[in-house]
Amino acid sequence: MSHNTFGHLFRVTSWGESHGPAIGGVVDGCPPGLPLTEADIQPFLDRRRPGQSKFVTQRQEPDEVRILSGTFEGVTTGTPISLIIENKDQRSRDYGEIAESFRPGHADLTYHLKYGVRDYRGGGRSSARETAVRVAAGAVARRVLGAGVTIRGALVAMGGDAVDRAGWDWAAVDENPFFCPDRAAAARWEERLLTLRKAGSSVGAVVEVVAEGLPPGLGAPLYGKLDAEIAAALMSINAVKGVEIGDGFASAALTGEENADEMRMAPDGTVDFLANHAGGILGGISTSQPIVARFAVKPTSSILVPRRTVDRSGAERELVTKGRHDPCVGIRAVPVGEAMMACALADALLRHRAQVPDGPMSTRLPRN
Amino acid sequence: MSHNTFGHLFRVTSWGESHGPAIGGVVDGCPPGLPLTEADIQPFLDRRRPGQSKFVTQRQEPDEVRILSGTFEGVTTGTPISLIIENKDQRSRDYGEIAESFRPGHADLTYHLKYGVRDYRGGGRSSARETAVRVAAGAVARRVLGAGVTIRGALVAMGGDAVDRAGWDWAAVDENPFFCPDRAAAARWEERLLTLRKAGSSVGAVVEVVAEGLPPGLGAPLYGKLDAEIAAALMSINAVKGVEIGDGFASAALTGEENADEMRMAPDGTVDFLANHAGGILGGISTSQPIVARFAVKPTSSILVPRRTVDRSGAERELVTKGRHDPCVGIRAVPVGEAMMACALADALLRHRAQVPDGPMSTRLPRN
Amino acid sequence: MSHNTFGHLFRVTSWGESHGPAIGGVVDGCPPGLPLTEADIQPFLDRRRPGQSKFVTQRQEPDEVRILSGTFEGVTTGTPISLIIENKDQRSRDYGEIAESFRPGHADLTYHLKYGVRDYRGGGRSSARETAVRVAAGAVARRVLGAGVTIRGALVAMGGDAVDRAGWDWAAVDENPFFCPDRAAAARWEERLLTLRKAGSSVGAVVEVVAEGLPPGLGAPLYGKLDAEIAAALMSINAVKGVEIGDGFASAALTGEENADEMRMAPDGTVDFLANHAGGILGGISTSQPIVARFAVKPTSSILVPRRTVDRSGAERELVTKGRHDPCVGIRAVPVGEAMMACALADALLRHRAQVPDGPMSTRLPRN
Amino acid sequence: MSHNTFGHLFRVTSWGESHGPAIGGVVDGCPPGLPLTEADIQPFLDRRRPGQSKFVTQRQEPDEVRILSGTFEGVTTGTPISLIIENKDQRSRDYGEIAESFRPGHADLTYHLKYGVRDYRGGGRSSARETAVRVAAGAVARRVLGAGVTIRGALVAMGGDAVDRAGWDWAAVDENPFFCPDRAAAARWEERLLTLRKAGSSVGAVVEVVAEGLPPGLGAPLYGKLDAEIAAALMSINAVKGVEIGDGFASAALTGEENADEMRMAPDGTVDFLANHAGGILGGISTSQPIVARFAVKPTSSILVPRRTVDRSGAERELVTKGRHDPCVGIRAVPVGEAMMACALADALLRHRAQVPDGPMSTRLPRN
């Protein structure tokens, strides 16, 4: 069983290989009547687009999205939205080595074993190129969530060097090539990444995504809990090896009294929290506090440092992965993480509406 | 939308509240012809059962499972397996306070806001009591995986105090009340937990689950990747705030050459790895190496230390959560984590068979 | 893959065998806040209950339903509703013949071939006994649809002898043992069925189910069209071999001008139809006219007339099916058909809400 | 909730409107290693293609399919297969009338009410143009089923005039523009359809689809029964109002002894049936006999005969539907019915493999 659809009610079906004619996706379940044109999607693709700095792959892809269905006169109609992005820069090259050998850290061996056949060109289906489709779908999901919901991501650590949260500035994120909210860290990272790139090496990173402005009540316990859905969404991104919500792994070191987010009444009659260790989710359901998720991205596996491996015939080899690569794939994972968060939340919103159509828009008490 | 079914082909539908007459589940999609009686399930329930040491809740539940359908003469028939566990020790008490107030860190507020009504007795649906159903389903999943697959869990950190991996001994896990693989750590934890319990406090923990003996090829990319499925499975457990695979968050601090698991040929013609930073999964597909997952469990929210909160009428209160609780819910999460891993893997195995019925049983090369 | 769940958002998972300890189901996705107790379900079970006339099986089952979860103080909580019905009259008998031989027209051979093992007692999982669970779930579905929606079924033909639609009286349906809306036909059928029963034979029937009071807009095109969902729901009932909506097969003999349901404006500003050939569904979406569906039920396969068959060892045999059976299973299919219609409509209602929360409640124009 | 995906494991997601730039679909779950190029799909599209005789719409569409992903060097890779067909002949015309008025028998009113907005050009999403995608997907499904499985369709009645089954000749089906297996009937229909077309009228039809060569065991009871899946598949086709399996509605007039398909042993040790009233399915599971399904197609609703209707402003009108239409949409429904049958069977095959990987390939006894 293949499984290229994400979501239950807001459903994204993705298709395409790195070096095929195009990649794309179908967004099904989008409510009707939402304004949507290519211009609403393109800016998000542009943020993720390769070739924009020396710290990401030099593949030149315009990543222009076209909407082939599901809108009429600039408005969604409730029918499936087909999105397509042509592949332009499938560099003509000799794929002999990558066709024969299994690159360590990559999906080459597992695809070969599972399917017995694979499109090895540029990683085929397992290439991070597919994440462009996620970003496009995420732009549609933002429409579903509405203008009151803000979803922002940032790189919070690179190679073990974390940002200083005291110096966090969302405005800084768009000023450096790392989506880094801490200008001092960005300066350090730039230097380090130049060195790593020269050495043909790569490095891992941690991304944080924050969603604000959501109503309480999102999440479908027990097996569609909002945190479980977000975890699956983020873990499905290429190279991700860990996901946490709120305090995450740090909460394992806390006591109960430290961890419990105390509550009081705000002057406007809503419930207010004194802390957000929970990252905006209790019992798998959103509290209306900001939803905070982080995910760990392993270092790019395509490196110029020779590594031991085997080939299809069963011979041992040393392999150097040439080609155009990101020295830190975590960077471009930032807009992808935002998009997956947006999709998971749009889906949760539709699911909530289905069961509780008159669900709460705030934490105002009493409801009954 | 409610969502109480886990899995795609091996599907577990769970039901029941903490203080209702019973809890239970339906396992659908189990292959026919597998030996299965209550005796195959009960030992796993017994490991999770409350009241067995002073470090877990003193609720006395025999947790005796009955199979109501889906087997005939001790063998599965391919029809749905209904499992039921009666609730025996629903202590008669005054629920006034918990009915009216929202316990910090609990799902009280979010259930109240989402549904407008809730069974507050013992936490109702959001109680960890439901995890008994998961454990029972996990025992069925183990049958599907077969005797060649081993799934074991252990507590690897409590309140920030981690085990020494050099002293890891699986045999130790069943010798202490913490499922701790390091005897020295178990001794330290015992002392600490006694202190915490006396103080009416609680503490978080980290659980590790390892699955061995799996064939390569399990996992349904891109949105049913094995790691994404495991992440959702583990994150759906009560109180879990983070999940990682292999090196997880630590991989974000590595370089590409450190992280890449190099390969060589084993004498038997299979591919062998020199390391397992990936935790047994590449590109969302199992490699045949051990699958290693860890999850962070926050400290029990039910504590005797007073916390500020609000009640249904919108009044502010100080709340102390009386009753029988686990000072470290992470302990009993060990068998639950194993069970969820077993369910996710059984599901992945069935999905793999559907698409690639002659899929590989080992990493022997060449396949084609 | 087994598949014992019906519905997408209003989901019924059924379990149980004819001669096991119990049968039951789990209804997930039910909105919270609906009044629901056993007393709301029992009357529907009583209508389907065996042993009530000489024209149905004499098995004596009280069919008392218990709600084990999902309600609190008589109201649904939005969590899964577990329903259980104990099997009481599993007559102790020799199953030797049915264990060994494959009854023609029954699922004996196909279950044997598919699963390699089967619970043959009373037909096991393939027994019509399971339809009690459907009826119980249907009662919950009616709650979701609300009091404004009426779903009624009737037997409209037995053994080729159809009712006279001019003499249709819904009140008559509950006055005879056939759910027949035409008193004259009921009298004819009684005579005929007595003769058939004496001869150890059986006969087929056609059931009609009509749903009134629904808003327009239900149905999820293109692959969740309301008529396709209803077709699957009704075709899943034991012994059903055909389903039609509105004029159904008769529409194949009409011209376009005969078939088109013309429209006009009603005095209250809603769209009114001059006919209902479409059976209340256009383009897979409800029009707000009555939804009319019919399904054909084949004659009971358990008969006393000897039939040629084979046994497990591959020997040919003549078989007479003893035991307690319905001479016309179509009779008891009436409440089952109503229940499946109710479930399909409740599911469609929740799905519609998810995508179009402010969808129309009538055909009032203009909407925009 | 929109729902444009068909199938559980062999999943077809369709998108596109009649007058948009293109239509297409994504086939997910296809096993790897199957030969597949455009040349395998195109012949099936050519059979359904408009403009080929005077009895179908004169819209000129080459219907050339392109595969954008999921194959490599002419072989499926197990990743999603994206299929695209450009719309070429979106005749430039004034859509004023159809934009404003609701055509009787069409989905205009229901889409308008449900979504509040619709692409009215050529019927938009509800146009039969979408069925080209189904046909393309059906060609992929045939690859999954393999060369041993034959799926053929025929028109068996038009406007109440049925074929003579004694004169059935599959070879005739491709010799006349009606897919009619009875040459005498084809001659009668030609005359009649010419008259109807001249009168601006239309007529309904019945299509039969037969699948041969399948193993026993396909079907996932109780809610994924093979007949229920086929019913949903066929009922989802535009203009279909009824579906039956085997004897279908006629079985309601039979006695049990007439209807029961008796069994004997064939010389090769397999179980043989003496009749096929069941249409190849018992208990929702295939028997290995030919699977026989029929579906009723209502007459084309687009006719030149004036009909009463209303418009968006709530005014009453008389409407004549100009444009290019099929006088009998049932004709082109034949290849569509075959395709939906192929998809349903491919899905059932994968589902069966998942649960019973060593399932039977014939009715040979004994299995155990």
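Quick notes
In order of appearance the chains are A, B, C and D, and numbering begins at 1 in each one.
What we mean here is this: a residue touches a chain if its C-beta (ideal position, glycine included) is under 8 Å from a C-beta of that chain, and two chains touch if they have at least 3 such contacts.
Quantities reported herein were computed from a predicted structural model and do not represent experimental measurements.
Following the contact convention of this document, B, D is the list of chains adjacent to both chain A and chain C.
Interface comparison, B-D versus B-C: the higher count of C-beta contacts falls to B-C.
Taking the mean of the C-alpha atoms as each chain's centre, chain B and chain C sit 39 Å apart. Inter-chain spacing, taken between the CA centroids of chain C and chain D, is 25 Å. Centre-to-centre separation between chain B and chain D, using Cα means, comes to 45 Å. In chain D, the positions touching at least two other chains are 1-5, 9, 14, 29-30, 32, 78-79, 114-117, 125, 221, 350-351, 354-356. Interface residues of chain C facing chain B in the complex, by the touch rule stated above, are 1-5, 9, 11, 13-17, 20-24, 26, 28-30, 32-33, 66, 68-70, 72, 75-82, 114-119, 124-125, 350, 354.
Interface residues of chain D, counted against chain B in their complex, comprise 9, 29-32, 78-79, 221, 350-351, 353-357.
Put simply, chain C touches chain D in their complex at residues 1-6, 8-9, 14, 102, 104-107, 109-117, 125-126, 130, 157-160, 196, 201-206, 216-217, 219-225, 227-229, 231-236, 240-265, 269, 271, 274, 277-279, 282-287, 296-303, 305, 307-310, 312-316, 330, 351-352, 354-356, 359-360, 363, 365-368.
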